[in-house]
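Each in structure tokens, the structures are laid out below.
Okay, so chain A shows up in both of these, paired with chain B first and chain C after.
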Partner chain A sequence: MTNEEIQGIFFLECEEALTAAEAGLAACREGRHDDDTVNGVFRAVHSIKGGAGAFCFTALQAFTHGFETTLSDVRDGILPIEDSLVDLLLRALDMLNDHFLAVRDGAPLPDDAALLAELAAVLVQAPDVAEETPAAPAAEPVVAEPVVAETPAAGDDLDFDLDSMLAGMALDDVDLEAAAAAPEAAQETVPGWTLLIRPLDAAMANGGEPILLLRELERLGGQCIHCDVQAVPHVDEIDTTESSLAWTFLFPEALDRKKVEEVFDFVGDDFQLSWDVPVPAGFSAEAASTIDVAETIETPAPAPVAEAAPVVAIAPVAEPVAEVKPTAAAPAPAPAPEPVVTPVPAAQAEPVAAQPAPAPAAAAEAATGDKGAAPAAATGASQSIRIDLFKLDRLIDTVGELVIAQAMMAQRLAWAGTAAVEELATLESLTRDIQESAMAIRAQPIGSVFSRVPRMLRELQTSTGKRVRLEMQGEATELDKTVIERLGEPLTHLIRNAVDHGLETPEERIAAGKPGEGVLTLSAEQRSGRILIKVSDDGKGIDRKRVLAKAVERGLVSPEAQMSDEDIDNLIFAPGFSTAATISNISGRGVGMDVVRQNVKDLGGRISIESHPGKGSCFTLALPLTLAISDGMIVSVGDQTLVVPLAHVVESLRPRPEEVASMGASRQMLNVRGKFIPILPLLENVGAIGAQTDPTEAVLVIVDTESAGQAALLVDNIRDQRQFVIKSLDTHYRPVNGVAGATILGDGRVALILDVDSLVADAVATRRLAA
Partner chain B sequence: MHVVSLPEKCDRVAAHDLAQQLRPLIGQGDITIDGTAVRQVGQAMLQTLVSARLSAGHAEQKLSITASDQMRRICRMTALEQHIL
Partner chain C sequence: MIKVFTVDDSASMRALLLHALTGHGFAVDQAEHGLAALEWLKDNEPDVIITDINMPKLDGFGLIEKLRADERHRDRPILVLTTESSDEKKARARAAGATGWIVKPFDAEKLASAVRRVSH
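Take a look at the complex of A and B:
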């Protein structure tokens, strides 16, 4: 795998991590800030930091380092989660996203100095910082949180490294300086739990440098107590691409194993890790506790600084401390170690407070949980695989051809009079299963699009001064990756429009008897083979009087035109239409809603509006699940064979003469249980020869559309109902109004797929003008 | 006496070179590995040095390794000081 490919995977993982962090912080904002949620955010940022270091994205790594430091204090309960803090973390996440775009797309590097200062300031204000004793009683020795420098040292926090990077890195300096800056490395290490690390050959073959990970373990407070050299071969046989060393590390009892696990986040299965291995022979606990690591690494003793932030270090003395306040979380008061206060230079370190050690039972539970989590994570990793999109698309294309071939074979068997064979039905069922499975691979939750909305809203609130609360439903609804990718733009327009035009200012809302904070609701659901996405607000609704006046002013409609509310609402989709008094950077140029409709139409979807004055508006996007294969009704019109997408079909019938009413010379209406809908002879649209024109001798297919209501398509007969593979007419020919594409039928002939929505809308509009 | 000098950057390539240089020297008299210029050490070099020490021991051959401060520190950090220095 090339560096570029590895980097590409890192970018994908960054996107996932950013999405996860956004979801986690959104949950925090809603008051759901449990340990798992906060840990999830921390791990997401930590993952980005690790990869950023590995790829030498210095600015990204530096920012994530500052961000992570604050998150670490949040995770450890040092910083209480308040709205103001969540706001800060969300802004930090936005900045992190900007940094990510800078490294991925070459976007300008964001100026993060002010935000980093804010993050650092929050740390300084942390209520527990000044305390020298742990907040909760603990029977076990406590370990200080790592003191972090303002900016990570070069190469700091490298979870893995590439061999080529060794050239740019003074490994020895990194190790020693980072270790010197980390107080826990300068503390005594007491006997605790052990970990055997055995780099496998893959760790060497992939260009990894295991020594960097050992340095990270040391920084966490671990001590390398043994190196197993038994596997090292004779110099005649040594192969520098193979790994033959294994190290045993000893960690303080109170150190969270998750922190050690995180060091190995990026190395996958390249390392064999064995927890709680026996301490190697010849090593004594006394030796461990008496080793002066500070001397070993030759760190100059820090000069005491009067204002230096105190750091609570490990202390093996287990004497009760009077100031210790028991908490409900601790099962029973237990003697706590007396903390040793070690001043560190202020310039090197930010203040931290000790992480309260868990009580024995809790610690055991935590340890069990950790152990349980590791296999689960491993299982999760083994159950997913990244696939090149090109390969996936090729699979989809092949499945499409399979569907066509299956249809052609069925047709041929039908001609031969053997269509009713059981095997054919089985093949058809299997083909459909394969098609659905293949499409499911391309399906993604719409949450990936929704996840971008919170940031957008934050920015909109800042620029408009409006207050908006976001509610989302159905984020897990899945639809095709291509649809997902192309959905971002129309959705962005709709949301910006809703905030800019739909929602009122807090003052206006309060004056109208509404809460000052508006509500924007995003929802997604699957219904009748389509995905319905709704963007609704509880704002003032469409000002139809103003819309109509603007449309008349622009010549879009006649001043005498009698238009329904629905017609007026749809005017906002007209090209160049805008009621905005001023053009802002948010909306008002009159291109947004036109683009929205076109984008949705390009996706084979429809958009409709429902608006109530004073109560708000709801835009509904009805989209196909996939763009490749769909279900359709095969119909004949004269010498033409056409496909009507099944998603539009309501019912089909052959009317009795009394159910058909004529209006004028050429218009006919169908009475469907008391409701009159227009009959549209398709022969006019497709130029068919010899088509049936008498509704009572033909078949009427009643279809539903988003923009023009229902209509009855007049066809000669219905031939079949089956899946069809959509071939783009735009690609192979040119866009044709009323035609969504083409497909190949079982008999090998090409059939046009009707664009029912535009077909009906155009026909209704034409008839209205004619009337 | 044979003297082999280590480069500043003791990465995998340097480890491979060292192994190549050492092979004909095992059993052929005293060897000195000069690591006084070393600033960076990776695992490949560490295990090659351990291998050199073991191989020389089996051949009852004297092997001296002089280390820079940086190299010495890495050896200590990895608990390899007694196996290499």
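Take a look at the complex of A and C:
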């Protein structure tokens, strides 16, 4: 995996984190700020910070750090959650988003100084935390052994985290020198410098293994010149999880202290380190009386206590096992009841430990056998993997082909009279399952689109001075990833439009007897194979007079045209209507509602509008669950088989003669419960031969269109209703007006899929001209 | 080969760890939060565990406490790898039973030597 790929993962992660944080803060804003929510927000920001550091996005890291610091106090309950604070956090989140875009897309780096100052300022305002926290017993189960406090100054320098080391090596050197300068006294006599290492109890308790570190010191050229055994308790009292030894090491002058420091990086305060301790009396550098580390560490432990034996037996060091007789102990008059004063400082009898019980090594060894075969697969339920979308789409495509092949086979078998075989039914149901599963892979909750809305609304409120409350329903509704991705733009436009044109200013609202705060509702639901997304506001509704006047002015309709309210409302979708660009730059930034409709249509969906003056407007987007497979009605027109996308079909009927009204020579209208809609004989469009022309002998499929209202398509009969895979004509032939694409039918024949919208619009326009 | 098990909810962090650790010759397995880690550790015995602190479901502190309470994992070296660097958090990690602490962003070399140092 390349660094870029890992970075790509990080960016995706950032997006998820930003979404999660947004949702969390939105919940806080509404008063739902339980621990989980607050923690989630914290974690989201925290994880961005982590990655930012790893990828050296310093500005992002710096900002997340400031943000996180404040969030941390919120999480810990130090900062009370108030609206003003949440607003600040939301603004910080917006800023974080900008920072993210800066690193991902190279957007300009936002100026975060003022906001960081604000974030810091709330911290200052908080009750003096530094004083209160330690006092509060609830804050932390301070198990941190008192030992920590006893750690000598050198220990502080030797913090066991990496940041100081990564931050500036040079600085570290200075610090070390300064610290080392203190106890310089007895050092002159020996070449090199010394270090007293005293493992604390924790060094054993947490899977630590001091001997490994001591061996590493030897490798670095250190010499163990003294082992302090005075703290070793009586053999009966030896606790193998406690440490009771301390070693003094002598290092060559030339050896960089940092190398030694690094050895203890990761165990930190588990060891008490005293630099430059006096060399114990009687030691001479020449006398090669180096104490064997392994021996000292092993020796005092072996007490003939029963349970101690097995521990020693599995020690990773081979030799000492044999020597573990009390008699073999070299320097250990162990049961010294009273601490003898020695040259070693730090003489206070630590609750001392002995054998570092090296059991884990053996345990790990033993387990090695059954391990390895089981990779990281055994993780929890919510596991996920990231797949290249291209692979997924190929799968979906192939599944589509499979569906068709299965249908073709079923039909062939039906002709052969063997369709009733059980295996075929099984195959069919399996195919359907596979198809559904494949679709489900691409499905994503629409919440990812909705979650971007709150920020947009905040910005809109600022720029318009209007007050908006957002209500969301059905965020969990799932739809195809591509649909979700392409939904963002039209949805954004609709929302901007709703706030800009739909909602009134607080003053206007109050004057109209409404609450000053407008409500924008976003909802999503699945209904009969489609997803309905609604954007509604409780504003003033569409100003039909103005819309009509504008349409006339732009030459979209003639001044005499008789238009229903619905027709007028739909004018806002007409190309060239856009009021937005001229009125303000908020709604759509110069993009008209016709583009919105086009976007939705490109997704195989439709948009409709319902508006009530003074009460508000509601835009409904009806979208297919997936783009790859659609439901269609298969109809015959003469010798042609056509597919009418089910999304457009309202109903189908065979009219009685009195329901058909002729308008002139060539036009017929269908009276559907008192409403007249044009009848369009499809044979004219597809050039079919031998098609039915008499509506009362044919079937009328009533379809709904966006731009031309309803129409009744005249077909010979309806043959089937099934799912089909859309194959674009553009790629295989060329775009044909009125045709959305083609599909392969069960019998292997190609059928054209009607583009109902353009077909009806064209036909209606032609007829108008003809009439 | 030293077997390292990493626990981190961030996919990019997992990828970085995988990259860094396998590059230093360790065998690496991964989980994305404490619960998943516990599940995996039921059947596996890595030499060293590296865990994040802030994770959903079960955080690093909780994971370490649970492992330390388990006979099988009582003495397993556990390194904490996190962006948290406060002393209070360190103390808490140690109290929970962490063997060591590494602050993100990590240096691959240092991480590798840390793993070698604590692996028994």
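Here is the rule we go by: the second predicted complex is superposed on the first by the 433 of 771 C-alpha atoms of A that agree within 3 Å, B and C clash if a C-alpha of one lies under 4 Å from a C-alpha of the other, contacts with A are read in each partner's own complex, and residues count from 1 in each chain.
Just so we're on the same page, contacts are C-beta pairs under 8 Å (C-beta built on N, C-alpha and C of every residue); 3 or more make two chains touch, one makes a residue touch a chain.
Keep in mind the model is a prediction, meaning the values are calculated, not measured.
Student: For A:262 in the superposed arrangement: first (chain B), second (chain C), both or neither?
Tutor: Only chain C is touched by A:262; chain B is not.
Student: Give one of first, second, both or neither to describe whether A:218 is in contact with chain B, with chain C, with both, or with none.
Tutor: First partner only.
Student: Considering only the touch criterion stated at the top, classify A:199 as touching first (chain B), second (chain C), both, or neither.
Tutor: So A:199 only meets chain B here.
Student: Of the partners chain B and chain C, which touch A:73 in the superposed model: first, second, both, neither?
Tutor: Neither partner.
Student: Considering only touches as defined above, state whether A:6 meets chain B (first), chain C (second), both or neither.
Tutor: The answer is second: A:6 touches chain C but not chain B.
Student: Who wins on chain A residues touched, chain B or chain C?
Tutor: If we count touched residues of chain A for both partners, the winner is C.
Student: Between chain B (first) and chain C (second), which does A:47 come into contact with in this model arrangement: first, second, both, or neither?
Tutor: A:47 sits against chain C, while chain B stays out of touch.
Student: State whether A:209 touches chain B only (first), chain C only (second), both chains, or neither.
Tutor: In the superposition, A:209 contacts both chain B and chain C.
Student: Jot down the residues of chain A that show up as touching in both complexes, chain B in one and chain C in the other.
Tutor: In the superposed arrangement, which is not itself an observed complex, chain A uses residues 163, 166, 209 for both chain B and chain C.
Student: Going by the contact rule set out above, which residues of chain B touch chain A in the complex?
Tutor: 9, 11-12, 15-16, 19, 22-23, 26, 38-44, 46-48, 50-52, 54-55, 58, 69-71, 73-74, 76-80, 83
Student: Give the list of chain C residues in touch with chain A in this complex.
Tutor: Within the complex, chain C touches chain A at residues 3, 9-13, 15-16, 18-19, 27, 29-33, 35-37, 39-40, 42-47, 52, 54-57, 68, 72, 74-79, 82-83, 85, 88, 90-92, 94-95, 97-107, 110, 113-114, 117-120.
Student: Looking at the complex, which residues from chain A come into contact with chain B?
Tutor: Against chain B, the touching part of chain A is residues 163, 166-167, 169-173, 175-176, 179, 199, 204, 209-211, 214-215, 218, 224-227, 229, 232-236, 238, 240-241, 243-245, 247-248, 296-298.
Student: Help me check something: in the complex, which residues belonging to chain A touch chain C?
Tutor: 1, 5-7, 9-10, 12-13, 40, 42-43, 46-47, 49-51, 53-56, 133, 140-144, 148, 160-163, 165-166, 202, 205-209, 212-213, 216, 262-263, 265-270, 316, 357-361, 363-364, 366-368, 370-372, 374-376, 378-380, 383, 386
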